[in-house]
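Please find the structures below.
Consider the two complexes below, in which chain A is the common component and chain B and chain C are the respective partners.
Showing the complex of A and B:
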């Protein structure tokens, strides 16, 4: 908040009431956006007996037992590791393959570029449900059912359109003269891509990687269908299928929710400018 | 290698993407079409070619039409609400921060968080808020006096779908807000100054300057959000599982249950294909609309 009030001096027009009104409005927007998450945070530190009564809204006593149970006695820890492996490998594959393709589309004279881009984009419009049964059967044929590889590969492919789309527009913004100069100097296109374009496109690559990582971390339907055991379930699947013996363990679920959200939430806050730039670029061009 | 022509290089570099997309995205679409012409239920050892029979069955399947209605109702309601709330929030945030600068990191983070929360987690968050006995929503509404008795939001056939819409609006409005806010920040301020000098009020300025200039972004938000809402699966699946009494069963959920709970791969694929056709039709419609819009503005 501080820089908001600092970068605009409180001029004579601005009265105390306006500042108050502004704060109130900000607060209500904040409550709308963050309220549900905050309530989950409050729930996650409540004692079990406080979970089944309201009021009080804020507990007098706090406990970390839900976090303990989630991290050490539930499949969540394993699923976090699974999600990390899946999301990192999906991001790597998607960005490497996407970069090559985007470079070709942006700089090399291949035929039918609009058609290719259109095709790539249309795959991102596919409802996942339309491909899920053949995909499931394919993975089963290949012996990949219930493996992290199947989930990672699927995530990589379904985030590829986004990566190609974003990176093509980034590569197009880089001056073509650089490329021709490198070619005249005897670089192959691949070397020109790696020595010249890759470093220059680093902000674009970061944006694409972030969006792919967040997509993969949050994806549910493919991960649910392609996995069948705690050993391979990703974090969203584990949260959805959170085990409850007799009644729903709301405190544990709240703790699990926050733990699973933490990595992507932190990324979103740390790299907010990149993400907003990516979202606007990705869709404005779309 | 260096002998390769530029064009050959182009195809070479683009090839891995095409191979992956072909195998994991395009081939399954074709395979789903093919599967939909079979009656395949592994449990009963059934696997026979039956032509279009699945589609004939689909046509007279009341549950399919109900799922269509639920999906369209959900989509219309949530996309409209997202646009309206998203626009409202964007205007508010734009007014609250400096006209010249970018939006502050705090407000951006605030708006971005619901977007980053995994959909499944947001479903769990709202499930807890909607809990009939000690959920926060009932408590607050009772305290304020808006309701006299607790409502079992997710078990009530009339409320459940609306509860799902509210959750979806919370989760996805940030996307609309961020895009519209970026658009608002880029609007030429002198236009507003000129309009004010000419005596235009706030509503007039909004209607004649803001709205027309932001139209491309509004259309884009509309396209993206409609596509997502029509395909909705995880949010509603985790929140209600399609219940109560299938009142929140969207097309994706019905197809998923047919495929993986009753293991009817043939009929499930026909459902999935019908859905693919619906989405393809919608996107074709949007492409036409977009093209017309951009041609007019160009």
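Showing the complex of A and C:
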């Protein structure tokens, strides 16, 4: 499309303006998205007395004391471990159950597939706030209040519809003949899933797993409600409840939130290639 | 190797009756083709045979054993797909070995034995140099061969093929056809070959079944189907160019189709001729000549279309003195008519097919 405009006379002027416009747009969007994180980063290395002064925007003197306090003197380290346990187990449960479910919905002869998919989706339409008090009561009755199991289970259940939907569409993109070929070659449906579908749907699995992981890592309300002690709090909750005695420790909070964001950001960058491949997989016949 | 028998097999999807009622027997070791236009139910038939779909009613018997309710893997069949359906994440070796690995326990094959079998099949099909490649690095013909190899390696009881050659170019298709025939001669596995290409069915099969709208129109040897089509559908579908089918009736001792008159030979079923008829004439027995060389009984017409085909030319002619009656015929060597030319059309008496106009059924030849 842009080739067409470039071929015209006066195209250069136009191209220059277009490029300038695009650059401006990109900058403003980038600033809008990353601005808060940048500000947090700046705040996290400022001295305490500089925190409430403006100017200077950039700190004249930098300190790592906030990070030291967050990592060694606060419950953040414990909460990071909690978050990791919760997110990994929620992702595992959600992907294993989701894969089996999606495979059945994508390939097995089941009546009323659209209805089932609709029901699955409808469960995620309840706003979390609407289910939170019955959920709290349920967990208390089960004796699971203030345990990581309660948080992990809730996250797994709440992210399952997402996993099912994503994986169903990924499995559907794989040619049906491959499944039939595997069946004729002697596979049971489950074996066809493991030997043929798993390797081919790897990008899809990576995307689904990452999305569930991020959801669980960032989830706040369930984690806040179901936990009651530093031993079980997940990272977002721990950041929100950061202890401050006489004043709000902005520097520490900034450092803590960056520390909490970092693992997810790293994961996203690590899996970026998979995610892009996964989101476009099957769009072009390979 | 097995004899395959279908008994009153039917398949219905909701309100559509894809296969109303099929009964047929495929002999042991036979290469049996199922041919028909697209949507005639032949792929459904194959899926039922493979066990990928359940029939609405009826039975499928392999050597007298009822396999209707068996899972695909319990039937000991192999299926070659139109799209090849090679596993893209496995090498050629992996693809060939896959059926053996999956059924390893049943066959008691160890790794070395599987590799031996892979080598044997790969050698047979000329795939040895390609064993470590992946499907996407192969040409269409090579993929086709791998798909065949994957089906052959298990030495199935019944070999099913779903339009296996339709994704290949014309030249490759011809050579693969010959190769399939050779394979079948050597292995003698009962093979059911589904295709919409009547030439393929005619050249390849021992026997073939012509399907239309899910119903068997005729089952016979290729030459019988060509020489004695059971009805107008078979007559028109099998053979290229398609048979000329002309409205005809009897006038005393002659048959008339528009301006074409043919003396009626003595046949047994005279009374059947006193009704509206369809006369079927293969294009290869219709001679198109220049008007100057007109022989006895020739009819004149105007050339509509000329289609060169090696030896002669297929010419479509609008017959004169007839309302919209066209005939396809073959020119003699050396005669090259142009569109709009006036030509003479004469029918060699040897093979005229007669059908009832009302039902399309064959009455006989005249």
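Observations on the structure shown:
Definition applied: the second predicted complex is superposed on the first by the 242 of 286 C-alpha atoms of A that agree within 3 Å, B and C clash if a C-alpha of one lies under 4 Å from a C-alpha of the other, contacts with A are read in each partner's own complex, and residues count from 1 in each chain.
Assume a contact is a pair of C-beta atoms (placed from the backbone, for glycine too) under 8 Å apart; a residue touches a chain by one contact, two chains touch by 3 or more.
In this text the structure is predicted, and so the values were computed from the model without any measurement.
Three-chain overlay on chain A, with chain B and chain C fitting side by side and no clash.
By the document's definition of touching, of the two partners only chain B reaches A:269; chain C does not. In the overlay built on the shared chain, the residue A:130 is in contact with chain B alone; chain C does not reach it. In the superposition on chain A, A:39 makes contact with chain B only, while chain C stays out of contact range.
For chain A, the partner that touches more of its residues is B, with chain B and chain C as the two candidates.
Once chain A of one complex is fitted onto chain A of the other, the partner contacts of A:199 are limited to chain C, with no touch recorded for chain B. Contacts of A:188 after superposition: both chain B and chain C are touched.
Once the two complexes are laid over each other on the shared chain, residue contacts for A:257 go to chain B alone; chain C is not touched. No C-alpha atom of chain B lies closer than 8 Å to any C-alpha atom of chain C in the overlay. Residue overlap on chain A between the chain B contacts of one complex and the chain C contacts of the other covers 186, 188, 286. Chain contact summary for the complex, chain A toward chain B: residues 1, 3-4, 7-8, 22, 25-26, 29-30, 32-34, 36-37, 39-40, 43, 51-55, 57, 97-98, 100-101, 103-105, 108-111, 116, 119-120, 122-123, 125-138, 153-154, 156-158, 160-161, 164, 186, 188-190, 193, 214, 217-218, 220-221, 225, 235-237, 239-240, 242, 250, 253-254, 257, 260-261, 264-265, 267-269, 272-273, 275-276, 279-280, 283-284, 286. Remark: chain B residues 1-2, 4, 6-7, 9-14, 16-18, 20-21, 23-29, 31-32, 35, 89, 92-93, 96-98, 101, 104-126, 128-129, 131, 133-134, 136, 139, 170, 174-175, 178-179, 182, 216-217, 220-221, 223-224, 227, 230-231, 233-234, 237-238, 251-252, 255-256, 259-260, 265, 268-269, 272-273, 275-276, 279-280, 283 touch chain A in the complex. For chain C in complex with chain A, the residues that touch the partner chain are 50-52, 71-73, 77-79, 81, 83, 85, 87-89, 98-99, 102-103, 106, 136, 150, 154. Those residues of chain A whose C-beta lies close enough to touch chain C in the complex are 175, 177-178, 180-188, 191, 195-196, 199-200, 286.
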